[in-house]
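After this come two complexes, each holding chain A, first together with chain B and then together with chain C.
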Partner chain A sequence: MFAELFSIVFQFADVFAFLILAAAGLAIIFGMMGIINMAHGEFIMCGIYVTVIGVQNGLPLPVAQACGALTAGLIGVILERTIIYRLYDRPLDSILATWGISLIVTQGMLVTMGSSWPGIGTPTGSFAVGVYTFSTYRLVLFAAAVVVMIGIYILFMRTSFGTLARATMQNPQMARALGVRTPRVYAASFGVGAALAGLCGALYAPTMTLIPTMGITFIVEAFVTVVVGGSNVLLGTVPAAVVLGVIRTSLNAWHGQIVGQIGMLIAVILVIRVLPEGVSGWLARRAR
Partner chain B sequence: MLEALRSLNGPQTLGNGRVFWSGFALVSLIAIAYPFGFDPYDVGNTAYFLIWIFAALGLSLMWGYTGILSFGQMAFFGVAGYGYGVISINLAATGGMTLVAFVAAVGVAAAFAAVLGYFMIYGRVGGVYFGIVTFATTLALAAFMGQTAGPEWAIGSARFNGFNGMGGMPSLELPWFGEPVLLEGTPLYYAVLFMLLATYLGLRWLVNGRFGNVLVAIREDPLRAELLGYDVRKYQLGVFVLGSSLAAVSGGLYTAWGQFITPATMGLPSAAMPIIWVAFSGRGDLTATLVGTFVLLLSFQALTVYSQQYALILMGLLLLVTVLFVPAGFILGFGRRLKRLHDRVLNTERRPS
Partner chain C sequence: MRKNSMTRALLAGFSALAMLAAVAPHAQGQEKIKIGLLEDISGDLALLGMPKLHGSQLALEEINAKGGIMGRQIELIHLDPQGDNARYQEFARRLIQRDKVDVLIGGITSASREALRPIVNRADKLYIYTNQYEGGVCDGNMISVGAVPEQQLSTLIPWMVEKFGKRVYTVAADYNFGQLTAEWTRDLLKKAGGEVIGQEFIPLGVSQFGQTIQNIQKAKPDWLMMLNVGAAQDSFFEQAAAAKLNLPMGSPIKVMLGFEHKRFKPPALENMHAVANWFEEIDTPAARDFKKRWRAKFPNETYINDMGYNAYVAMYMYKMLVETAKSTDKNAIRKVIATGNACIDSPEGKICIDPKSQHTSHHMRLIGVKADHSVEVIKDFGVIQPYWLGEIGCDLTKADPKEQYAPSNLPKKK
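So, the complex of A and B:
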């Protein structure tokens, strides 16, 4: 009985970690700048490739993963400074621009990298509860998701950068009048978002087969989590991931992955009818 | 006659003068004369380009005129494509029944658009969210159809076949006196051409009328439009269903043209294509969308012969350049310049010497 229960909790934790890690970067960029980064999947892919190439060249896995996240973050900052900053007053156009970038990168990868690349195996190690065995790496992923959320909390609520970022988010003109260099805050936030996307890729790199279009695996989940969560990462993404995680886990158990995905999407469409500003918008209104 | 023509003109479209309509008549005549003297295979290929333009016009209506950016055109395209397959295969349709299957497939897609649109528009989801939800829906549909490989995934005798796609549906047939006409090659070209002309003129009439004025008012300021007493949601939903149904028309025709539909048509990068055509052409004008989409499809096809990847990279670059430097769109910008030139010439002619 305990083993069954643990198995259910474990599966939920797995889905929850996936949703949090996939959505965190997207949610930060959306919350800060109100734009959706359609190249999110490509940043994830960047993290995956850097990690895999690092490991294949002899780096230990955690170091390679850090490199993956950092590379994605760096590319994010460069992209923001060259292209995205021109489009802040046109949120829809910035979506299209990132979509264009996404197309260029995916197809460019197909041209340069070929359609597949040897992967690195999942770190072995498992533990048993009752008659079931579980992969230890999945627990690492769950822990990473929790650490990421705590990290975001500390970054945005406990550091001076966080204060500047929140000020910029609330009222950019006023922040600028008070001497905040808002362009830098935007660039840094975009970089953090991109680095988190890269981290997501880096963490899942050992569990996947490598193809240049693999970003797709993450983006549907990332997008629906952000839609349900709304514009506040801390207030929105976690509850959204819990709710969607429960829906997804039960549907997965009932009828497999794809039904889980579709069911999640239907849940999202129902949720936005009731809570158009997402969970965080609803919580913020209640708190007022 | 003149009265009818006048209702097609208005502030919501470029090209209202005698010069434009003479050009329009000329282009239409060329399009009608084109199959004479060309290989039926090439004519069928041209019909293929025309088929996609419906989806582009629908997106122009939603995005350019009403301000709803839907990323879901290819989802409705796919639903109608699969819908046509399922209905026509199960009816073993021939003759006029294929047309019934086609209309029913578009109807299914329209109903799907109505349901999806109801939840989003009446939930007052707008702008960015609208894009994400339609996008996620499209990708989820593609993923769903991609895994329907086994024999258990079928409706009646129509198998979905997962990633490989559904095939074996009949071509459209037009009931004619005595013998039905199989819509392939040249007959298909004419059918699509006339449908396209009718759609284009119909949309011009729509946007230049009272309905179109309300749409533009909603695009400019939804709140103000609402305060003036219009039920914004009703108009938005109507336009969403109409625009998505046009994508469905494309999907149905495409499936009947190639007797084939795959999940990849709904996935990436395919889902980005209508956005790129319309953004490049100029979303704010139907004529620009029509012309630009045709030009892009033609050049894309020419490039794909060499390398599909490079062609797609170029499309991505085109989208990026359009957004950064020509947000109103290339063809529309060109059209406006022509109009200004034309006006200037007229003014100098009229000036008393």
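So, the complex of A and C:
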């Protein structure tokens, strides 16, 4: 009985971590700047490849993962300063532009790096509960998801950068009038979002097949979580991940992955119908 | 003197004309044979499509260097459908209608093949499918060069039951290949005295398998039948190894097709078994020679997989058919197949096209992956005919139903 219970909790934590890590970067970029970043998967892929190549060149895994996240963040800042900043008032164009970037990057990777890359293997370590055995690394992923959420909270609620970022988000003209260098805030926010996408890739790198299009496997979950969560990453993403995680885990356990995926997508349709601004929009309206 | 040189010029002109006249019909005979090729070299299946394109290119180069087919050079028109079935259809129409290709080759997934067949049938063209697949297509327009369940599963499943046990859990991709091969697995397991105690179909593109792994542990099978498809679903192996699932596995598509043992860190693929007509570790003189030629042209190939090999063989198969028929006409070629003597010497040995089903006989070997991901040949089955379609009543020399049959969908008895 305990084993069954533990298994359910473990699987929920696993799905929750995947949703949070996949969505965090996308949620920040969407919530902060209203940009729907179609190249989100490619930032994830960047984190993955940098991590794997780092490990294969002798770096310890955590160091390589940090490099993966930082590289993605750096590329995010550069991209914001060269392309994205032109598109702040043109949301549809920003979708097209970031989608174009995504296509260029995946095909460019295919041409330069080949169609596959040898994996690095998950750090060893497993434990047994009853008949079930679990990979310890999955707990690391869950812990990372929790840390990322706490980190986002501290960054946006407890630092001066967070204050400036929220001010810019709420009223860019007023923020500028009060002396906030909004372009820098935008670049930094985009960089943070990209770095979180890179971190997601870095964390999942040891557990997956490496191909240039692998970012796509995170995209559905990332967008679904952001749609359900709404534009406020702090209020929306965590409840969204909890709700979707519970739905998906229970349906997966009940009748396999197809039902799990169908259930998750139906939940999204219902949420869009009932709460068009997502969970965070609903919470914010109730608070008012 | 002057007159003389004029006569000479005149003569030269005449002879040039005469030569042109002599050359003209010849040049018409020299028109290239056009082969339309549809292989994904971008998208999720690029890692499988790339070796397929390479196989076709290698065969093209070799055949053209030795004078082409019936003295005609061959031209490969390759389009990349990017794993999109709608594009497969669009490009197939383009190749047939605009480029007027003599034959269409390619397609990776069974979904793409089934997208192509109606178009090929309407245009009444010859189509060569080069992958191993779930079998059962009885279609006069299609020649299948890959292996089918009676070659791969009727051999693998009884051996796995005897070696590891009767209780089996199937993990399969949720589309026609996965569903039909899972059906084959149930059918053949019953005959071998085993049973499927659990099966799970996974949507394409899913990469997280925590729950699946636990469902398997709960069911306690003796071994796993792995029918997962695509790079995302391959992540199962890494995640199962990390969770110490440690179960023997069998599959008709792993190792020789997706070279997972080259892509994952050992020992993720340990104890995986497959039955294949080709895998790069085959060590016969003909295979060694073939691998040397391939590596000379494509030194960076990660793995020469069975799809790439089949794509190479398909070109020689077509050469043999056209040269025996002395024509690229589909009906003339089908008459050659109907004789039962449509055979070539390939790197795996002598293989022939079965007249009833237009599928290919193959030399099948059972391979196993060790902890260090080296591959050993466990059993050599010799040449196995693609007999199943013929047994259930498909005979393309008599009737052409253009249907795909399965154990649960047999032709109606007359």
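Everything below uses one rule, namely that the second predicted complex is superposed on the first by the 287 of 288 C-alpha atoms of A that agree within 3 Å, B and C clash if a C-alpha of one lies under 4 Å from a C-alpha of the other, contacts with A are read in each partner's own complex, and residues count from 1 in each chain.
In the analysis below, contacts are C-beta pairs under 8 Å (C-beta built on N, C-alpha and C of every residue); 3 or more make two chains touch, one makes a residue touch a chain.
For clarity, every value in this text was computed on a predicted model and none was experimentally measured.
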Clash or fit, chain B versus chain C on superposed chain A: clash
First (chain B), second (chain C), both or neither touched by A:Thr163: neither
Partner chain(s) touched by A:Gln56 [first = chain B, second = chain C, both, neither]: neither
First (chain B), second (chain C), both or neither touched by A:Arg86: first
Touching partner for A:Asn171 - first (chain B), second (chain C), both, neither: neither
Which superposed partner A:Arg138 touches (first chain B, second chain C, both, neither): second
Stretch in clash, chain B with chain C, out of 117-125, 243-251, 261-269 or 333-341: 261-269
Residues of chain A contacting chain B in one complex and chain C in the other: 106-107, 110, 213, 216, 220, 258, 261
Of all residues in chain B, those that touch chain A in their complex: 69, 116, 119-120, 122-125, 127-129, 131-133, 135-137, 139-140, 143-144, 147, 267-269, 272, 275-276, 279, 307, 309-310, 312-313, 315-320, 323-324, 327
Chain A - residues contacting chain C, complex: 7, 10-11, 14-15, 18, 106-107, 110, 114-122, 124, 126, 128, 131-135, 137-138, 206-214, 216-217, 220, 249, 252-253, 256-258, 260-261
Interface residues, chain C side, partner chain A - complex: 41-44, 46-47, 50, 174, 200-203, 205-208, 210-212, 214-215, 217-218, 220, 231-232, 234-235, 238-239, 241-245, 262-266, 268, 300, 302
Of all residues in chain A, those that touch chain B in their complex: 30, 34-36, 83, 86-87, 90-97, 99-104, 106-108, 110-111, 213, 216, 219-220, 223-224, 226-227, 258, 261-262, 265, 268-270, 272-274, 276
